[in-house]
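A, B, C, D, E, F, G, H, I, J, K and L are the chain letters, set down in written order, and residue numbers restart from 1 in every chain.
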Amino acid sequence: MAEIYKIVEIVGTSPISFAEAVKAAVIEAAKTIRHMAWFEVVEERGSIADGAVLEFQVTVKVGFKLER
Amino acid sequence: MAEIYKIVEIVGTSPISFAEAVKAAVIEAAKTIRHMAWFEVVEERGSIADGAVLEFQVTVKVGFKLER
Amino acid sequence: MAEIYKIVEIVGTSPISFAEAVKAAVIEAAKTIRHMAWFEVVEERGSIADGAVLEFQVTVKVGFKLER
Amino acid sequence: MAEIYKIVEIVGTSPISFAEAVKAAVIEAAKTIRHMAWFEVVEERGSIADGAVLEFQVTVKVGFKLER
Amino acid sequence: MAEIYKIVEIVGTSPISFAEAVKAAVIEAAKTIRHMAWFEVVEERGSIADGAVLEFQVTVKVGFKLER
Amino acid sequence: MAEIYKIVEIVGTSPISFAEAVKAAVIEAAKTIRHMAWFEVVEERGSIADGAVLEFQVTVKVGFKLER
Amino acid sequence: MAEIYKIVEIVGTSPISFAEAVKAAVIEAAKTIRHMAWFEVVEERGSIADGAVLEFQVTVKVGFKLER
Amino acid sequence: MAEIYKIVEIVGTSPISFAEAVKAAVIEAAKTIRHMAWFEVVEERGSIADGAVLEFQVTVKVGFKLER
Amino acid sequence: MAEIYKIVEIVGTSPISFAEAVKAAVIEAAKTIRHMAWFEVVEERGSIADGAVLEFQVTVKVGFKLER
Amino acid sequence: MAEIYKIVEIVGTSPISFAEAVKAAVIEAAKTIRHMAWFEVVEERGSIADGAVLEFQVTVKVGFKLER
Amino acid sequence: MAEIYKIVEIVGTSPISFAEAVKAAVIEAAKTIRHMAWFEVVEERGSIADGAVLEFQVTVKVGFKLER
Amino acid sequence: MAEIYKIVEIVGTSPISFAEAVKAAVIEAAKTIRHMAWFEVVEERGSIADGAVLEFQVTVKVGFKLER
């Protein structure tokens, strides 16, 4: 039987890089979502304080297989 | 520890204006979601009846902090 | 038999708000188009004069059922 | 009182066609979501194996009315 | 002398597939438009009832040569 | 009273340049549309024959004031 | 001689509506920019606090004629 | 060692449906490309003759693993 | 040390062609900006009067190196 | 049997205009590609030197029929 | 009184990563802009020399509060 | 004589970061393509396994000068 997936949108943050922000988002999502299979980056933003980057913010869509 | 946010997509409606449709969506979402922080407008549509606007429909993405 | 719809693009204007500009566009379109069912906002612009907004301009796509 | 809708994103798959992939996604979603009203196609992809299409994958946004 | 074309936007519907919805739109358009030459898909949506796809809706832009 | 505009989509062609293709589209449209006020380029394409550009094709949206 | 315009991007905010946020942005811009002629909406967002919309935020591009 | 993929863009055609047009493109591509893994739909168009759809045309990006 | 660039958005106009409108925008910008390195076209529009193109308007983003 | 096309992406340059840049790209492509049928403009950029446009750069997708 | 923000577009470069390119852009901007609050990534490009990445180039929009 | 460039689309992968995935794609491409000059990021995705990021996948367009 053909598979069905659901996609949720999450924003991860990191003071270091975009890649670390993605990793943080996925690790957090793993606490409540099983069978995650892929992510795609939707938006890359960040906050600035005192004239320097404070935080990288990456919005990712995460896809996971629905259990049936 | 860096914050993580989740984004959900909601459509609010109002017979009056786009702003009222957004407010309606946010108030409804507040019944089940805590820590909402921002919204962004994704689409503005509406229905027409008898040659006049019946309803404004605004699709918003709403971001909220995940409790950990 | 399945329905067919046609879509036309109209720009409404208003000195007050985007919602009023949409309403004006729909009311004008109603003079020559019957069975209008929905609209979607394509673009929101406006004119400025003497350092203040003079007019809100909203481009909407309006869908209506073809009579057969 | 004005209606509020929620939108979820689902990926349906089918070895036959894009339309079948959409139908599969909607039928699966119906197991946990009530009052679904419309869908819109977000992306059409697929997998290839041995030089032929193995599976059509359609990402749809599905809108449903919130019960209040 | 160089050719000029006009483009109109039509929504076809079908309970079966996206391709059938396109065909329905083109056949209906043929009742009032001559010299249609091409179409391009702008949007694919649909309606859902009782937890299953009720109707596929395809918005197409149809181009036709202006007679001069 | 606030003005209302209608937008139509036309494809002009020219063997010389994109600008000439736009001019051709506008001149042709002027035969049936009055009060045209602006255009915006939607797409620039063209045909190739024998390894050289045969024709420039520019799709423009043309806006005109509705007479009331 | 042909005119030249410059475009700047400004974010206006308002607790009331998108239109008021645009007006606020234009009035503020008028303090330092002369000959503003038009605006176009680039993005509509907002902040949420205590489960209700706190502020509408509209990003506009504002065009003005360069003095020569 | 991490994998590298190449993406090529192909237009398949079919008188029957979008899915058949995709299948035709993939089968043709298989004559010269090995290790194809996925496709994504970029554009759906078609030609019209005598007031009916003549041909469905689907532009797909096809990804394949580079042999090393 | 790595270079930093700034991007400004300018609208050039010309009665002749899109290319001339770009040239006009760049020449005007050169009066106040040094070290301009590239441009990219953002939008192509124009005005129409008496049923013919009056003016081509091209919005360009212009990048220039910041002096340090 | 239904036709299959391949699309390649090329950047043509010209000191004169966007149209000339497209022509240059197509003539160059003709040296190695047969049966080219159409092009579509993907991006229009250019380089600036000494405060004036040095070169127009047009990225085009070129479609050609695969020989079988 | 509601806040107003201005957005400027800057390109940062780095031989190391996209994140470093963003940081470089923000630190440079801080020399002339006060009250910077956020950035969003608009484009990620880079230059290549001798078959390897020479430089990562990230275009960011930077928002800052206008002092009043 | 004006230069002509060709653009190809490649997907690089890396377990570490987006920047490393780009570098991997460029180094691999260098095995068969000479005179590569720039890249632009088209898409950033990745795979997830056991609730953590397994691989970063970056689709880049790579431009190189055609030898003549």
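Following the convention adopted for this analysis, a contact is a pair of C-beta atoms (placed from the backbone, for glycine too) under 8 Å apart; a residue touches a chain by one contact, two chains touch by 3 or more.
Worth saying up front: this structure is predicted, and the values here are computed from it rather than measured.
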*Identify the chains in contact with chain C as well as chain H, in label order.*
E
_Find the pair in C-G, J-L or E-H that has over half of its contact pairs, by residue number, in common with B-D._
J-L
*Computed distance of Cα centres, chain F from chain C, in Å*: 22
*Could you give the separation in Å between the centres of chain A and chain I, each centre being the mean of its C-alpha atoms?*
38
*Taking each residue of chain C in turn, which ones touch at least two of the other chains?*
8-9, 17-19, 29
*asked:* Taking the top-of-page definition of touch, could you list the pairs of chains it picks out?
replied: A-B, A-D, A-K, A-L, B-C, B-D, B-G, C-E, C-F, C-G, D-E, D-H, E-F, E-H, F-I, F-J, G-I, G-K, H-J, H-L, I-J, I-K, J-L, K-L
*Of chain A, residues touching chain D in the complex*: 2-9, 61, 63, 66, 68
*asked:* Help me check something: in the complex, which residues belonging to chain K touch chain L?
replied: 16-19, 43-48, 51-53, 56
*What part of chain A is in contact with chain L in the complex they form?*
17-19, 22-23, 26-27, 29-30, 34, 36-41, 62
_Under the definition above, what is the set of chain A residues touching chain B in their complex?_
8-15, 21, 24-25, 28-29, 55, 59
